[in-house]
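You will see chain A twice below: alongside chain B first, and alongside chain C after that.
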Partner chain A sequence: MSTVSKPSLAVWKFASCDGCQLTLLDCEDELLAVTDRLDIAYFLEASSATVAGPYDLSLVEGSITTPDDVERILEVRRQSRFLVTIGACATAGGIQALRNFTDVEELLRIVYATPAFLSTLGTSTAISEHVDVDFELRGCPIDRSQLLEVIGAYLAGRDPEIPSHSVCVECKQKTNVCVMVAHGTPCLGPITHAGCGALCPTFNRGCYGCFGPVESPNTDAMAGALAVTGLSAGAIDRLFHTFNAWSEPFRDMSVSVPAPTRRQP
Partner chain B sequence: MAFLVGADCLDEMIASLRSNGRTVIGPAVRDGVITHDQIESASELPLGWTEDQDGGRYRLVPTGTDERFAFSSPSTSWKRFLIPERTLLLRARRSNGTVAVVEPEPEAPSVAFFGIRSCDLVALGILDRVFLDSDATDPTYAARRPDVFIVAVGCNRPGNTCFCASMNTGPTPTSGYDLVVRELHSEEGTEYLVDVGSERGADLLAGLASRPAHEGDLQRADRAHETAVASMGRELRQDYVPLAALDPDHPRWDDVAERCLACGNCTMVCPTCFCSTTEESTDLSGTEAERWRVWDSCFSLDFTHLHGGSVRTSTKSRYRQWLLHKLVTWQDQFDTSGCVGCGRCITWCPVGIDLTAEIAALAVPAAATDLGGRDV
Partner chain C sequence: MTHRATGNRALSTGALARVEGEGAMRIEITDGRLVDVKLNIYEPPRFFEGFLRGRGYGEPADITARICGICPVAYQMSACTAIEDALGVTVDGQLRALRHLLYCGEWIESHTLHIHFLHAPDFLGYDSAVEMAAAHRGVVERGLEVKKIGNEILETIGGRAIHPVNVKVGGFYRVPARRELQPLRDRLERGHALALEVVDFVAGLDFPDQEMGYEFVAVAHPNEYPMLGNRVVSDRGLDIDASTFLEHVQEDHVEHSTALHARLIERGEYLVGPLARYSLHAAKLAPTAVAAANGAGLGTTCHNPFRSIVVRAVEVVHAFETALAIIDGYEQPDRPDVPIEARRGIGHGVTEAPRGLLYHRYEIDDDGLIADAVIIPPTSQNQATIEHDLFHFVERHLELEDDELRRQAEVTIRNHDPCISCATHFLDLTVVRS
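Take a look at the complex of A and B:
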């Protein structure tokens, strides 16, 4: 395949830890195959050499937390033919969306000596709340194989094979023993989107919900089952309020956060 | 004709099966449960263990005895040894403008199922109807199933979630085995009554130390059977309703949907749920593609995804589909119930939804309940 016909790839960062875009660099064995099919035109984590847009495929990491982000994502969208958001920050607002439940002005006063230097939003929100997104890849961080599947599917012009069922299905396919039923370990697996290969339950830990809510999560019934394992209401709230706290099904699970400090989206 | 053997004989059976080149799959303690796994000797059997099973709960409990089969349904069914979680169906390679497709020969491992219970044995018979007795025989299943050597075991201690007696599927195996073993436990020790179900079963037993069973041995086995029948934790009363008459608009469906997580665990642990999806993958270079068959669950939204969206969008519709297929339309398709009363769907449901309780509630006409609704 000649170089001219290669689609271009851009990788963008918003509020995030870089773990998801590093997943692309972590594809060591497949990286040459990726560069064989795609021109890496903009990927600051990998190279300071950039090529001007527009870009065929954009991978967007991170959430929108500043007024500047709001403008920049519009430009990224304008420059991108196919835009994929990667990771819990980009798809749900990330752990930093905990700010959505409290008063950011107060936090700024506590943390920073001169808050006036900062220009930030009161919320951390998913990319899809600001621009149209062509595909969302879940996870904190995303799964390497799933990223390659999304890129491979894009190149082949087909839908990515990313199952939307629960982590439980992955557990059972791996013949893992159910940690909740057999060990009494609190686990968000039943209402969590698959994709990690049931990583934590495979090591006898409960699922933390890194991949966010499954397609039709019954959060109330899940909270009830977690209470049976002995978790307090506060502990259940904290379990729902990690990387995907601002995902729509999880954000209202915050029964123990005092109402006056909670903000509406 | 039945024979009596000592505990040593179980080990000899396993050794003999293994020396014939078979992988022996049997019950074993793993990660805090009794499951089915590859075993190399009778020492791996769950000696001295039983379990406390209930809706959404499973705990191992010591028996304080030398019984090896004092448990009820192991955590996993046997289906994965016949319809694996993932099966490669074909591989395609593109070169010089042509596509070469290779369909791999189905694997045919030589295995023995050691210690399969009556409920699970009946489940195999149901899978046989689905995958063998039809115009569309499944190559994967057909390559694995016929050769399986079956050592069945009578179930002496049904669990809290068991209801095979009311499904007429147990607790004592009646057919479909090469050998059947029944554990006879007493203060003096534990012995095993062995009966033969096939020629190759007889051949295996002939090589082992045994004596013909006495009338007293048979009576002990019968008593163990009666005790087991009487200690079923649950019941699915066949006279509740003509199941086909279950009201699809009964308010109980909404009630169960409020509790159901739609996680799919029930279908994964069910010994007869056989649904699969097909996954296609391509490599980055665009020269190789693969098609895999993968276990699927009717509780996922994607299961009914057609052009334009999913058919069963609500959990209510998915639960109703599962239960009515299992108990009602399965009869129309395969001339048998899809449920064998093993109770796994109850135990391994994280919120403990109990299909026997759901059926009992659904059998009461909606008008007669305080939930209201229309008449059956």
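Take a look at the complex of A and C:
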């Protein structure tokens, strides 16, 4: 049972891979310190004890893909004083938002023999399309240090210090050689939100955008630069349309297909 | 409210705790007789096999990793193996060794998470590892340290612990120099010593007697305890190439689950995972793991699902010793990957995820795009067996009060470390050819 003074923490899951909530358990050096400061009131992956809300801090993983979840997120919001979305699914709809560009009935038939057993929406959408969100943490998965910064800032009553620049800045900070300039490797770094520490370029690989777009990205210029590296129009589209496909700037981004054919949620 | 024994009872757990993903359990008792048990999987479908169609052959390694944040490397390994099979490419030598090393990291991380966070609290009577830490802080801290060292392998080789970025069809984007692995080696020595202590700890837990008659199925390799391999064997005579897997396994879509149930054609339900690997391949464990298993009182096979926690701990020791041997034999390869040329083809891949055999099949077209994908994760293969275990256990413990019966039934499910995130969104019935 909770002591009076400790704020309560709840961790919620919607459609997702569990990786972002696992990031909390991956804070091996800090986990027990975190639980000294916060009461874990609801975190099914880690505990079978649950305490009724309201909750001071809610971390929400996953996107909204079923009629039940549309209702459940409203209840989670009602029960949460401060609600943080963690990861690309909760913040942008995730990889499963690829359904938004196609006919979900067709997908059901591909995967399941008896689609009538299933209840699912035609779209996968971010939490912020359903309720007010107090802070959004990017990444597929989120970065451990950024998660600790968000929790620490919450406990200290200040705003989290999460940089909003692009992956390119992180590459410069690490003095990486630019993979695009030096090797002609296609890289989404110029328009991708920082947070990973320029991981892919550090491993001689182009960024594939798992932290989603920076604010006001120049997607047309990016597409042009990718074409110069020899990437086909289809491959450029796929690069934009992967883990953050339904984020605003990427949603209508298409080099190979005219935009008006796209469905709205 | 508790009540028990005779009469009609319906017990349910709306949302199972300490499993990966969203599942529920329902037990029905009529006139004091157990009528039905169900492991409901209501994790929302995410349709991976559907939207893999039309993607480039290089993409499944990153995309299928997102099926499961707990075992992304397993998805990357099975995907790459299957696609390389389709493209007629073999990844061997030091590149294969590095994959094996990466996989060791995932086994250590995932197993140690399950042992300490999901499973041990059941044996010691706690709701969570955090609660358990109040009385057993050293046990939890040791578990966290072992888990962290597993993650350090994933970070060194893969770039990060969850959804590593360095894996590609043909090998890696970047391979480490030999000296880069030395700091890791020191950490693995420590991890190995701690892992041996963990075996002692879990061997001392109290296990109910429950010997089950499973058919065990696992990947096989001529001289390695299986992580990577291309044959599939069982303890009742199944011995097939990965390419014929779908000719032997049938999947059913049942109403109470978004995961599909797998059965061996004309043989029935089966079990994959640590118990299966151990019972089929214990002789191939690394020497310190064999000694640890002997010390923990495991025989040459293990049919008690509650003891799976001991087998996991032994496999962690094996993963540490294997990782150390790989580092000691490592020479940086000339290039980080094998050259690939896109071509039409069909390929199959089986590897051992921490929870058991993970099968991928891809059909690739002339342009190098995916025409069809089939993925069979371990938990959908185990779901029928888990329900069978549950039925067996509950039937023999009907005298328990509701709350205790519910609690122990949940433990029966957690024995198999079901990964519900993985199990959901799978399988195409029409591929079955008998």
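We take it that the second predicted complex is superposed on the first by the 255 of 265 C-alpha atoms of A that agree within 3 Å, B and C clash if a C-alpha of one lies under 4 Å from a C-alpha of the other, contacts with A are read in each partner's own complex, and residues count from 1 in each chain.
In the analysis below, a contact is a pair of C-beta atoms (placed from the backbone, for glycine too) under 8 Å apart; a residue touches a chain by one contact, two chains touch by 3 or more.
Not measured: the values here are computed from a predicted model.
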{"item": "Partner chain(s) touched by A:70 [first = chain B, second = chain C, both, neither]", "value": "neither"}
{"item": "Which of chain B and chain C A:169 touches, first, second, both or neither", "value": "first"}
{"item": "Chain B versus chain C as contact partner of A:204, first or second or both or neither", "value": "both"}
{"item": "Comparing the two partners chain B and chain C, which touches a greater set of residues in chain A", "value": "C"}
{"item": "First (chain B), second (chain C), both or neither touched by A:227", "value": "neither"}
{"item": "First (chain B), second (chain C), both or neither touched by A:190", "value": "first"}
{"item": "Touching partner for A:178 - first (chain B), second (chain C), both, neither", "value": "first"}
{"item": "Which of chain B and chain C A:95 touches, first, second, both or neither", "value": "second"}
{"item": "Chain B versus chain C as contact partner of A:148, first or second or both or neither", "value": "first"}
{"item": "On chain A, the residue positions that both chain B and chain C contact, one per complex", "value": "204"}
{"item": "Residues of chain A defined as touching chain C within the complex", "value": "13-23, 25-26, 28-29, 31-32, 35, 40, 43-50, 65-66, 69, 94-96, 98-99, 102, 104, 106-108, 110-114, 117-118, 120, 124, 140-141, 196, 199-200, 202-205, 208, 210, 235, 238, 242-243"}
{"item": "Contact set on chain C toward chain A in their complex", "value": "15-22, 43-51, 53, 55-56, 59, 62-63, 66-70, 72, 113, 117, 121, 127-131, 133, 137, 140-141, 144-145, 147-148, 151, 159-163, 165-166, 168, 172-174, 251-255, 258, 260, 336, 410, 421, 425-430"}
{"item": "Parts of chain A lying in touch with chain B, wherever the complex brings them together", "value": "30, 33-34, 36-37, 148-149, 151-153, 155-156, 158, 161, 163-166, 168-169, 172-178, 180-183, 187, 189-191, 204, 214-218, 220-222, 224-225, 228"}
{"item": "Contact set on chain B toward chain A in their complex", "value": "30-33, 35, 56-59, 75-76, 80, 85-86, 258-265, 268-269, 279-286, 294-295, 297, 299-302, 313-315, 347-348, 350-351"}
